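Chain naming follows the written order as A, B and C, and within any one chain the residues start at number 1.
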């Protein structure tokens, strides 16, 4: 046993975050920690890492065991090179001067170990998120950690990147490293887990062996039975609400055309870097495009003008929830009212009572877990934050809502609730454009799927297609 | 992009050149004198500059004026620039006596004669020093205040640590024993009228029985008069320093008892005269004392010119 | 932070716990009442109010800027320029007083609009744009005044006078602008947009808020408030000075920050700023009355600013 925690109890200002939890890590195993957001996973990790000391209970480590945590929020310095980040605070020195050659060699060796082929001199900010994560893992490995905690590493990865990470994890397991793996992707658990500990409301509600069924995991996690993972209810499609025609921006995307009808959910799949986010941002007026046109319900939408896009009936839930979706310094109520702030104002004065009533109604309808509209939105869990972002758009009642990675970092229970919101929108004759790297989600929730590759539309697939068919289009090469 | 940058820079240079030529005056003469002034934020130095310009015009020399905005480093740079522009003599009105040494050194290296005006240069070669005596002025102020009132007085000080504050304050203390006045409070108001108003208001709360005020400059004295309201010139007598136009007006109105006039215009004039002599190789006077004068209602008309 | 919520009824105890600056102000007042016997008189408290007014009005303008995530270093210079334009228009150009006053206020708005345009359309960092304006406005003040103080028209001097012995006009102006600031921040579209832009400009833009135009409004308001502060200052002296309000921008920023606003934007309230300005005025008034050495006064003021903000930060962290 590398690490063993017994009967851990930890409270914050009277609220029990952990209540008598047992947890241990053996050498050469992947131990998955599963639970909804707010179930106590992060607190448990912090207790294991010694950041928090428990109110009761003990954490024992076998002699010399070192533990490294790879957090969701990466701790790399964006402007520094990969090599400099790998040796941050402890660069190899010669005569007191940083030995760049040795640092580069060492970096190369570490990068090979995680299968990342980038130049060690590349600035970290120039890497994709997946690659940055690999750098972070490589750094932890060099610190000779025997226990590696991975806190939702796959939330930001694409399918192939996830495959590679799972391979590396399997490899590390073979080397005797004990891995604690936190993820919301149940298929990943089935592929790699040796044991699964399920947390709910700060308690350990069960330890499942390898090969436990998805249904069993979900039941334990949410404490009730969820009938369907992807509860899509289809409508008969109506008129075309969003038409994107020949959209082109040099170096980003080329001649992208698709349409979405009333009552439809159209998925947009593709690898990271295929240009999906760039296209929807351009269509929504956030960024410029060189040629092409965008129409909502037959009316052209002017270029590079978010307000005009909003007036035309478009909405965008961006992929970067904290960076682009929420005003973290503000309250739940203020965030919910953000899109409708202008349209409901009279003579420059905000409709305070109306905004509050509508926000309260929306918070209740979406079942946002909050102590009230005045709670700072930063205190909410990821899933509830996402509901707030979606809620602010639902209040504006857009004709077409673009969801860019809407369930990233969101737990299973909240995911299903977000899917139900999608159903409600389409049932009301609205349309949804669903951009997602989560293939089962795109396939499960879309009525049609547009697959992008290298900035172009590689093809369109009907509902009920397979992951293999999507991937075949997504990796397609185009003649230059 | 680069082209635009160049274009913008050239436009800026042109504009600056236009402004620069605006500050030169006199004209006609083959001789250029540089005047490095500490600040033009203050009417006193504006008057000094006017006196210098008048003298330059009369003597037929070109005068280039630069303003250091009370920044000693800035002033050193400006004097250095003068030496490369081929001025034949430099008049410096130091931002700070102690910090003017590098400027003096730069002038000496370029063999350009340097004249100090209003404030001395502590270290370095100066051919002539044209100044009025701040310490003596402070003493005169104390005597004048002692003549006007007896009892408690307050002292509004200039910027803590500035040479004018030090010298005037020192002179004021030296002159105190001559009369029946006692300083009950001394607080800084930074030579600033608005601060003079606030600090005086606050001091009056703590010392309601105050009979007199000495301020290190007229601006603060005028602020104190605002604070005193109707009492100024009746229950409480105020003595200032500098003899600025607003200060003289207050004396005419009877709200200010006296000020110590330094005759900044005379300072500027004499400094330029000495500088021209030095540039032409004539003998210069090493120390030129410009008289400080006590201005009261009796003689105020003499200073209104 | 709860500080972004405008309309909650709170008890006195909650208000104190919620606002470290207010608690600090009370501590300061109690300490001064004990050590300076003349501090706690009606007249002196009115004096403090009057002395706080100029910085308070400047700081209200800066509250808009700081809440929206910017900074305005030019307010002191703009105050001086506006007052000088007002005084010059009347004394030198011979315009009627009220017209001169309006011209002065307009000057502030124009300076603010230039700042706003440089920040939102020119994409200059606010620090740089307003630093440039600090210099330009001060220079223009000198150009207009030719370095000499200029007498203000009666309507401006009225702003610095007493309505009745116990009703100083600067105090009234401060309270009116306090009300305006609170109203703008909590009730208007522009005010709410300031919080959103300061908290997360990208999220605000993606929610359809016209961030550029709103930033223009923010700096224009700051310029207008600076002009009003300049008029107050000149009115109190019946004269606009070329060196008036030098360095006041730092007092204004200090007042806003003492009041609990965050320099990274999205947080701040009118009440906090008012308290911050009062803290500075009480401190200066008390130091004068207690006869603290001039050399130590700046040390004490700096230490109190740091302490006030530190207490506030600690209080937030422990919650």
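Here, a residue touches a chain if its C-beta (ideal position, glycine included) is under 8 Å from a C-beta of that chain, and two chains touch if they have at least 3 such contacts.
In this text the structure is predicted, and so the values were computed from the model without any measurement.
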Open item on the list: Return the chains shared as contacts by chain A and chain B, ordered by label.
Closed with: C
Open item on the list: Closest chain to the overall C-alpha centroid, by per-chain C-alpha centroid: which is it?
Closed with: C
Task: Maximum centroid distance from chain A, chain identifier (CA atoms) - done: B
Task: Interchain centroid distance [CA atoms averaged], chain A/chain B, Å - done: 68
Task: Whole-Å separation of chain centres (CA-atom averages), chain A against chain C - done: 43
TODO: Quick one: report the Å distance separating chain B from chain C, using the average Cα coordinate of each chain.
DONE: 31
- [ ] Spell out the residues on chain C that touch chain B in their complex, using ranges where they run on.
- [x] 36, 38-39, 41, 43-44, 47, 50-51, 54, 142, 146-149, 233, 236-239, 241-246, 284-285, 288-291, 294-295, 297
Open item on the list: Can you tell me which positions in chain A touch chain C when the two form their complex?
Closed with: 284, 286, 306-307, 309-311, 316, 318, 323-331, 333-334, 337-339, 341-342, 345, 348-350, 352, 374, 376, 392
TODO: Spell out the residues on chain B that touch chain C in their complex, using ranges where they run on.
DONE: 40-43, 45-46, 157, 160-161, 185-188, 192-194, 197-199, 201-203, 205-206, 208, 219, 222-223, 226, 245-246
Task: chain A-facing residues of chain C, complex - done: 1-2, 4-8, 186-193, 195-196, 198-200, 202-210, 262, 265-267
